[in-house]
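Presented sequentially are two complexes of subunit A, the first with subunit B as partner and the second with subunit C.
Our next item is the complex of A and B:
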């Protein structure tokens, strides 16, 4: 809607209706319809945007999802509680650990066993979630620069992300899908020397943070294209259900870690960064500050967590576990915003219903479709990446 | 939360109120009053953030349970408004005029459960499963295994194993295996 590349002479463009859509007559042959995706380097994940163009401006946009649909929620309904874990983590590749925590916490809460999770496990869960956020930001922050052809930052970020995946591998045995957080706690303690190796990686990331700041925020191309582009006005936040960094970049300070503290976040010292302009530049700036903050949080966690302790409380036999009838909604703050799970049980050994609430559900459809109207076609990728859209969490 | 529950209970005759946590409440409301209550909660009780719209299929009761989950950013609390609707007449008043993202949820619920929301924008457009012509895939009576067996075929020369049988054979090779073998092994 708000775009500085907006052509000042509107006489040749369709007029806007009261509902914010444009009055487009496709039979007039003045418009071109093209598809962006589902496979395209500028698209986050496999998602397509059906665009109708008037000149080089978008006059209509429709998001199409379904290219990744594997029926995860349905499959989980037909499996034992513990069998839901390997399926659930694939609902969001960007930060799979978030799904582990949600499903573990839901089953613990509905069984009335939340107090059995040992303190050490709570710290390790917090560490795993922050490591997941860090590896996501190491892709996301330079990825935004990549949409404006500043590709070198992406290469730096991917290298450093791999180092964090190395730490995940030694902690959990796996690089991407960890299944580390399980009902009752976690699967293992920190390996010997883990903290030292993590500190080495964080030192490298400190250096990257300085370099990526110069690459992005001191760059005239990035500034001239990102400032004032794809603005989310403050009044859109509740109207569209916008969350996370997208909301904070528009001046609305919401963060589940602060608003409804879970795990050990109430014992950590941090203040979620915000901005006011709500454009691509602000969202990238907020994410860059989150990168700095996440590194600090991991250091705080490693300093405050005990050296030893139980990592898993007594839980029912996973093969014979039945949970009484009930329902809950558990949420956390992922790198993209509020990430929640509605979990319903019926007294049997399998969940009755599992419904994931990912931030992209609104960001990639209602918000993106509205935002792209009157946007220049060259800015579509940057807009989409700046919203951190993740299609798997839409189609589950 | 207690005073809020009492206040809203009187006004909307809430049933089966469950306070799941200090900051989370679920309650049933009559179908005819549901959208009115959602509007009231948004405009008068500060539940300005719409978190989730979902559905549970209670096939044994012949009901769908719709959920409108609202969040109050000031009090940091959540209120889940539940509505029971007949499976045989799965129609619900649309709430798309209240929040901009609700039409997406309603479009998904139409496709996944077959619940209609007359007047909701693009409610009949395919959402996740384009070209789907079977029963709505999230209903409890949709059998995913049967659908897969009828729709797809096993590639020639490919074997699949029942995980329990396979592991038993690996771990205890001397014990006789009594579990049923797969079709292609029979």
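Our next item is the complex of A and C:
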């Protein structure tokens, strides 16, 4: 385990060959080949990590994806523009609303109708995306401790997440797959009393924020496991294209909401939190700060958004909507980092190409297999969760 | 690799102390708090907007099937259900939901044209039988049918198709009331495409249209800016698109599903738009409609009358290769379309455009031929393989009230015909028109124009038995007549044409309380509410009758007649008793243009079948 009191002597194995590659001879019986997954390793979705162990340390790791391909992009390419969003949300379960927004925004952009999206809808979209981030963080922050078997925080978080899902339920009509952001706008105004109930929930979350800080960040077990574990050096950031909290925890302030503001983010006051060490502890700490910030952002949104307004602009008939030939890349800052969609239209009533590019494509495939080397097998889940790997967005 | 090992040693940045051992124990404070779990999750009420199970008001639903079209999972099938009949404006089908496919996105609710389909917020349903999860909401009774809460179409201003009709420009009343030039201007390309975009392609209109025109298809052609394809679709069922695009009674628009919660599609104007885009060049028409080289057969058909039915029958028979000759009593083709409809509604060049193309495919027409005098029906039977008669309703009907036999009491059909032929038309300073239908409005507005020309002012009163709401004329006709200065006064029944010194001085009317009772037409009046509409001439426009004088006595003897002298025909439009004589147009159905076109087409098919029996 990566703690300061116990550091194994790895100088003896595996030995290095003359050409610099590792001398891993499985027939020597010094090594064990073991597969993690493909069934939800580290509770993140179906993928597999093929590991070669020397003792309980990983000497080689290879990530495998291909267990979760559902062909959602192709399904969307065979549907009308307005039919895409119910399928898109399945591409990332953790924050489904991000997919809805990307589909809607791409459709509006290529139709040249972005200015028809009403102000009210822009605010409601911002609110939905921040609520999605909040429910993700309520799972993700304590979930990191959960990977070290500290389950109590997860239970607190899941309860509060359920309260946010209650708010989603009354705003959007559904708890998990909201299907709320639609090309042209959104599908409902705030129900009466929503702001008051949301404020009650945020007050509870304020209390949770304090408690979880004490529970996790002032916790000898968590510290001994997380500090110094799975470090992302700053120089990796650009090399691998690392984004989001993973990049910010290594000292690179990279946030689409700030760098390329969309929706109403330019009217909100916030500064993305950063850390310097790039280890599991730092990443969790950055996410905890982001939790604080998201609560604040939701309060700001509710204070600044207008009371009334149209929720959807005049759009072409949903059944005959055709979009001229064109292509676009639309992106947003999801809880895991820059989340984008490449969208091509060819003048017909269906998209020619839909390609989702999520941060896990880098984080979970390339970065993960590099980081696992010399990690204790007990830390693999924690490493995956700390990278916020999300296989559904890798394969779609 | 070694670098990685070194990384693990950079760990002492955050120091550890005794607090890190003790602080986590603060979590124990939660032990004394109440649990947050829901005690009985099965009875938990979902949010009012929750997307649960479907319900459908099947009386409100018209079976348009837009829910089926928008469903991205193909979870909805439109199925016939017991107790719901197919009728005009209702497909008779209702949506059946397959919960093995549904993803509860509620797009079906958002697009529903009638707002009959909703999702309730009921969300638990357990059954051992998997088949029950395919059900027809509203038909298969469910416990949530009466629930009010659930997903409904969002408000405000949330629509999946345009609600407002694109207005077609027209001349202002001041500009048009002294002129017979066409006052409805037609759509621009942009306007037509915007209007066409509103269509949900349900096809309810197709079922109602007497000619069953491919309306969603030609509207799609407008959207795709493919006028030639549009023309081909129009001509499949209707060879008079310029005419129909202007004066059709548009029964399609009355049942348009978009019109249930918005303005109905301007189907008629879109048809006109397509036809207007093709220049009046028969060569071009022949090219677009692939009618350059029609293979002729050796059969000859005579068509009596060049109204909509005659032209329609002639066109479709011509397409089949028959040699068709139309016999027209008047000097030009078109029948009532030319001699009954004023040119401000239907310009003559547009009639010519449609007729010229029909003649260009090889149809022959003989003008000024009066069947019965110039040539007998029997002669036609001898010279031709079959005869089609679409002779229309060209005789006016009189109210037969006292004074109606005065020479200054006219029939609207006669005056309308005289306006077209150029015969002298009497125009008095004050005119009273009896009738509330489209023909009454036509003569009212025509006489108003003539008054403007002659006297510089309009003084026409049109009076109808029906009240404002039930007047048979198209609403826009009444509105436009009033805009042009005519006085349309509903709910008064004519009692007497008042004559003084052998001059008509007015019309006595009583308030009409009801028109029909259990015995049929039997108007009831309030005699105390009597009015005199001043007028120097009275025009009767209460309907038309047929002129069957071309049928000789011996032919009549072989035929069968129904009530009010109607010719009885079989389902193939053959006159009962005379297999070679086919009947169509207003004397059978309608009266209107689109019925004539429809039965002309069917008559042509029947003639083809009749002549090819045994082949």
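The definition used in the following text is that the second predicted complex is superposed on the first by the 373 of 396 C-alpha atoms of A that agree within 3 Å, B and C clash if a C-alpha of one lies under 4 Å from a C-alpha of the other, contacts with A are read in each partner's own complex, and residues count from 1 in each chain.
Here, a contact is a pair of C-beta atoms (placed from the backbone, for glycine too) under 8 Å apart; a residue touches a chain by one contact, two chains touch by 3 or more.
Worth saying up front: this structure is predicted, and the values here are computed from it rather than measured.
Subunit A superposed: clash or fit between subunit B and subunit C?
clash
Figure out whether A:254 sits in contact with subunit B (first) or subunit C (second), or with both, or with neither.
Touch status of A:254: first partner only.
On the A-aligned overlay, A:174 touches which partner chain: subunit B = first, subunit C = second, or both, or neither?
Touch status of A:174: second partner only.
Once chain A of both complexes is superposed, is A:355 in touch with subunit B (first), subunit C (second), both, or neither?
Touch status of A:355: first partner only.
After superposition on the shared chain, which partner residues are touched by A:338: those of subunit B (first), subunit C (second), both, or neither?
Only subunit B is touched by A:338; subunit C is not.
Please work out whether A:365 is in contact with subunit B alone, subunit C alone, both, or neither, and reply first, second, both or neither.
Only subunit B; A:365 stays clear of subunit C.
For A:17, decide between first (touching subunit B), second (touching subunit C), both and neither.
neither
Could you let me know whether more residues of subunit A are touched by subunit B or by subunit C?
Tallying touched residues of subunit A, the top partner is C.
If we overlay the two complexes on their shared chain A, which of subunit B and subunit C does A:70 touch? Say first, second, both or neither.
neither
By the touch definition at the top of the document, which applies to A:325: first (subunit B), second (subunit C), both, or neither?
Once the two structures are laid over each other on A, A:325 reaches no partner at all.
If I apply the document's touch criterion, which positions on subunit A are contacted by subunit B in one structure and by subunit C in the other?
Common interface on subunit A, subunit B vs subunit C: 370.
If we count contacts the way the header does, which residues on subunit C are in touch with subunit A in the complex?
1, 4-5, 7-14, 16, 19-21, 23-24, 26-27, 30, 36, 46-51, 66, 69-70, 72-73, 103-107, 110-111, 119, 151, 154, 156-162, 197-201, 220, 223
Okay, in this complex, where on subunit A does subunit C touch?
It is residues 2-4, 7, 10, 22, 79-80, 82-87, 150, 152-153, 156, 159, 166, 169-174, 177, 179, 185, 187-189, 191, 211, 214-215, 218-221, 223-224, 227-229, 231, 233, 277, 279, 281, 310-312, 314, 316-320, 370-371, 373-374 of subunit A that touch subunit C.
Where on subunit A is subunit B touching in the complex?
Its residues touching subunit B are 64-66, 69, 71, 73-75, 78, 109, 238-241, 254, 259-260, 326-329, 338, 340, 342, 344, 352-353, 355, 357, 361-362, 365-367, 370, 394-395.
Along subunit B, where are the residues that touch subunit A in the complex?
18, 20-21, 23-24, 26, 48-52, 54-57, 67, 69, 73, 76, 78, 80, 99-101, 103-104, 126-130, 137-138, 142, 144-145
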